[in-house]
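Here it is: the structure, laid out below.
As written, the chain order gives the labels A, B, C and D, with residue 1 at the start of each chain.
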Amino acid sequence: MDDKYKCTKIKEIITHNEFNKTFVLDHSFDEAYPGQFAMVWLPGIDEKPISFSAQNEITIKKIGPFTKKAFELKEGDKIWLRGPYGKGYKALDKPYYVFGGGCGIAPLKFFIKKNKATIKTVYLGCRSKTDILFLDDFIKLAEKNNIELTIFTEDGSFGKKGMITDTDEEFSDKYNYAICGPEMMIKAVAEKINIPKQTYVSIERYMKCAVGLCGECSFSGYRVCVDGPVFSYDIVKKLPHFGSKRRTKTGELIDM
Amino acid sequence: MDDKYKCTKIKEIITHNEFNKTFVLDHSFDEAYPGQFAMVWLPGIDEKPISFSAQNEITIKKIGPFTKKAFELKEGDKIWLRGPYGKGYKALDKPYYVFGGGCGIAPLKFFIKKNKATIKTVYLGCRSKTDILFLDDFIKLAEKNNIELTIFTEDGSFGKKGMITDTDEEFSDKYNYAICGPEMMIKAVAEKINIPKQTYVSIERYMKCAVGLCGECSFSGYRVCVDGPVFSYDIVKKLPHFGSKRRTKTGELIDM
Amino acid sequence: MNKHLTLNPPIVNACGILSYLDVFERLEKTGANFGAWVPKSIGPFEKQGNPNPTIYNDGNVMLNAFALPTHSIQSWINEFENTKLKKPIIGSVWGTKPEDYQNIIKKVDKYVEAWEINVSCPNKEVGEKSLMESMTEKIKDIITPLRNTTQKPIIAKLSPNEDYITITKSIIDHVDYVACGNTLGPGLAIDIYSKKPILAGFAGGMSGDAIKPKTMKMVNDIYKIASKKDVKIIAYGGISKWQDIVEYAIAGASIFGVGTALMHKDTEQITEYINKMWTSVENYLKEENTSFDKLVGCLDG
Amino acid sequence: MNKHLTLNPPIVNACGILSYLDVFERLEKTGANFGAWVPKSIGPFEKQGNPNPTIYNDGNVMLNAFALPTHSIQSWINEFENTKLKKPIIGSVWGTKPEDYQNIIKKVDKYVEAWEINVSCPNKEVGEKSLMESMTEKIKDIITPLRNTTQKPIIAKLSPNEDYITITKSIIDHVDYVACGNTLGPGLAIDIYSKKPILAGFAGGMSGDAIKPKTMKMVNDIYKIASKKDVKIIAYGGISKWQDIVEYAIAGASIFGVGTALMHKDTEQITEYINKMWTSVENYLKEENTSFDKLVGCLDG
């Protein structure tokens, strides 16, 4: 198996808000499944892990030099990807509750589209209405497929006011749970659900090779690029680095 | 595709006569078909092309240093082969006449066993009865499968006395023709048949790489290892090197 | 008398692969039977190495141009202090001058069972010169004083890209092992749509199956010198199946490092892969009615 | 003013591959569109080279230790006299001393359009020393007098295993092309059941996809020197798909030799393969809205 780049063109750019854009690609990564990621290369700039938000889509949040450069791309520009990499969310025996926060909403859209019939409930939590990526898609998906959709915004500008953890639903072991979002949100939601064996969460760490060789993405010894990014919460909750430590570009282990 | 050696053991040795032995191998080359050959390696000695006489069998005629060494091998000894290589005899639409001379009888036994139903007639030509390799097999094959078997010996010690070309059968284009044996015998038989488009013959030239790279086995520009060893006589008869020239180990083109 | 390690099995990770103690611990917990662990090369000062892309696998050859990222010696010591590893650790060290090597070895010596002296990384950092020029004299100056720095076995990790025979002769009395070798090349890969080099570091060291015949020759060449001096060989280069271990053993190696072949394998897969590798070597030894010790260096040619 | 060939397409067989004029004729008759033909290197005396096995393909790397079999110059001349080839011939020549090269070139000069000077074969014949030691001075002594021996373009075929930058600088004023490069290594393959080296010649030059990144680096390194002196580059090393040609062009090459990739292909298959290769390059040029001349050496890094 090689790790060659696919050089493709940007067919369309969806600007969600100041900080989030979705790039629709000319090429469809047919093997990709939700939760998996690509290494996205901008020649001469850098290369970073970005999750698929559809087989031909990636969604990027502007936070630093690389993502800033990505935001300068126009429709028709070339973009380079290798992958798909890692383990994603699997369709399992029991129906799913899905929890998305912030930029983590994007890969979950992919998951829900792929597994419509097995999704019971979707929870989304964002600061404000403008932060809810793919809001229209979620509403449509929910209506068409009889999925319960609950949205929390911190400022109350859409759905319920509050945090995603403010729900008072009781969670039962008749369901599976998929969570994607910032590590603190994952921790809060997973603890609230409290069924770790049936809860799957996505973890981010700094990546160099993305093929399991260099160890840079180590998350308490699990290499996120090959062992993850999606893990069972049963494993994650016991790991000392969870919500606490990450490695930098030098390999140093520091507090998050 | 690699060209690794299969190291296998000699299960059984059939001594046909002073100059011909068949080595039955532990390993069966399931992809091999009649007319194809292996590069047979004796570590520390040399490596030479030898045709398959069955999927797990090679038949060797002692004529020089390499084949002499091969004759010293015992049952249970290791032997190394890479292949199968080249183009063999194909099963075609029309039934076959098969002509074997000398050591060329061995691969034809393989061909007949594989294509029993499509063989009409087998002609074998040898100096003497002891030179007829696999005589019992041929007799049995002929009886069971309703194949006509005609054998010529030069000394009359078996079958008809004379050369294989002494037959007065008329050959029609309702049949295909397979010939294997010394180049002069091939020429004589093929001319006698005189239906070049339906006649297939096997050519030998000195080989080094056996994978089409070095050009050493060139036969008027056809590389015997990949374009042959089995060719349509329609091609062969026009080639200036046929029955006339071959390259030596230095690559020099000399008279045969 | 030279000092040699007893590793069971004699299989280690290649340096720069898996790299961190927590990754090794995870593999030990999962049951991966490596004989020792080699953490990422420790350097004299903190550096990030090259930006991404740092690797490129074209399906035939792996290129990497990490250019030796390393964190501070103190933060390495913190990791060593806290490790629960059961198998021995072979420390790898790099520097730009002999004192770098000595300083690092002194500070970290008590945490490791042997020292691998990396004098062979072919990679450069963008805009920098080569990190280590493998000139014979320089390598000799780095290696020779180390007997006074540490009591642990010393492994010189040499490059297949240099005149390794001359280098080996110049250091053979001061080492217990020669490791053959580091990555080959370096090589260049170009993206035909951006017309730029793929690796941010421009060129990168070649590894994987593609380099095996070259390293095999290196092992055998050096074995002929080393075996007369009680110096053993560690083989690094394209080991991906049990047959490669046997082949390197016949050529003269007695410890085997696996690097690029671990690509694309998760923790469970590495565990299964490594454990099967050594079992298969043992089966071969039984079938061929020989022993590992007899195999080492028995090449008949 | 240097002399350059106009080949259409700029694709040749690598020397030692296909080798004989009758094979080239057969390919021309079948319609294979090579731009020129390179017959097997012609040497100063008849020799068989090594016994078999002369090649070993482990699936990742090709090794060969033919060790330059060659027949007499007179029998080469007989073949040249009788050939019906339409495309130009690039003669390849090897020797053990400068006079060997001059003698052969003088005798065969009228049959070829250019001379490729092989000073880079890494193989040895059993029991012999290396046929050609690629020391800078020796290569310079071989190449420099040739301008007085022939009016045809001179191609120095250098080895990736030597200090090719120093060598290039020493000969750059006396050549029209540098060919990069010959086989890498050499490498060693061992049979684990006989415990013997597989090649009768012990070690063998490495070729195929596996060596491409190293030769790519060599092409680019030498292009930086050669392009200032009107010297062009021929690339040999792991060319197996049209993308490889584009990549080598970006690195600086303007003629492309295909060797190991022709393995396992019969005459029809080579014809289809080669003809498709160049068409695909032309499609790329169209899509990228560029020309071949603009592509050569345009690496942006």
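Throughout what follows, a contact is a pair of C-beta atoms (placed from the backbone, for glycine too) under 8 Å apart; a residue touches a chain by one contact, two chains touch by 3 or more.
Please read these numbers as outputs of a predicted model, since none were measured by experiment.
Student: Looking at the contacts, which chains touch subunit A and subunit D alike?
Tutor: The shared contacts of subunit A and subunit D, listed by label, come to C.
Student: Work out the mean Cα position per chain and let me know which chain is farthest from subunit A.
Tutor: Most remote chain from subunit A, centroid-wise, comes out as B.
Student: What's the distance between the Cα centroids of subunit C and subunit D, rounded to whole Å?
Tutor: Subunit C and subunit D have C-alpha centres separated by 34 Å.
Student: Roughly how far is subunit B from subunit C, going centre to centre by Cα mean, in whole Å?
Tutor: 51
Student: How many angstrom between the C-alpha centroids of subunit D and subunit B?
Tutor: Chain centres of subunit B and subunit D, defined by C-alpha means, are spaced 36 Å apart.
Student: Between subunit A and subunit B, what distance separates the C-alpha centroids? Give it in angstrom.
Tutor: 64
Student: Counting only residues that touch at least two other chains, what does the list for subunit B look like?
Tutor: Residue numbers touching two or more other chains: 44.
Student: Of all residues in subunit D, which are in touch with two or more distinct other chains?
Tutor: 58-60, 193-194, 196, 300-301
Student: For subunit D, which residues count as touching subunit C in their complex?
Tutor: Going through subunit D, the ones touching subunit C are 58-61, 63, 184-190, 192-197, 202-204, 206, 208-214, 216-217, 220, 238, 243, 246-247, 250-251, 284, 288, 298-301.
Student: Can you check the complex and tell me which residues of subunit A touch subunit C?
Tutor: 1-5, 7, 39, 41, 43-44, 46-48, 78, 80, 87, 208-209, 211-216, 218, 220-223, 226-227, 241, 247-253
Student: For a test of understanding, state which residues of subunit C touch subunit A in their complex under the given definition.
Tutor: Against subunit A, the touching part of subunit C is residues 16-20, 22-27, 29, 40, 46-49, 51-60, 64, 66, 69-72, 75, 78-79, 191, 193-194, 196, 198, 200, 259-260, 262-267.
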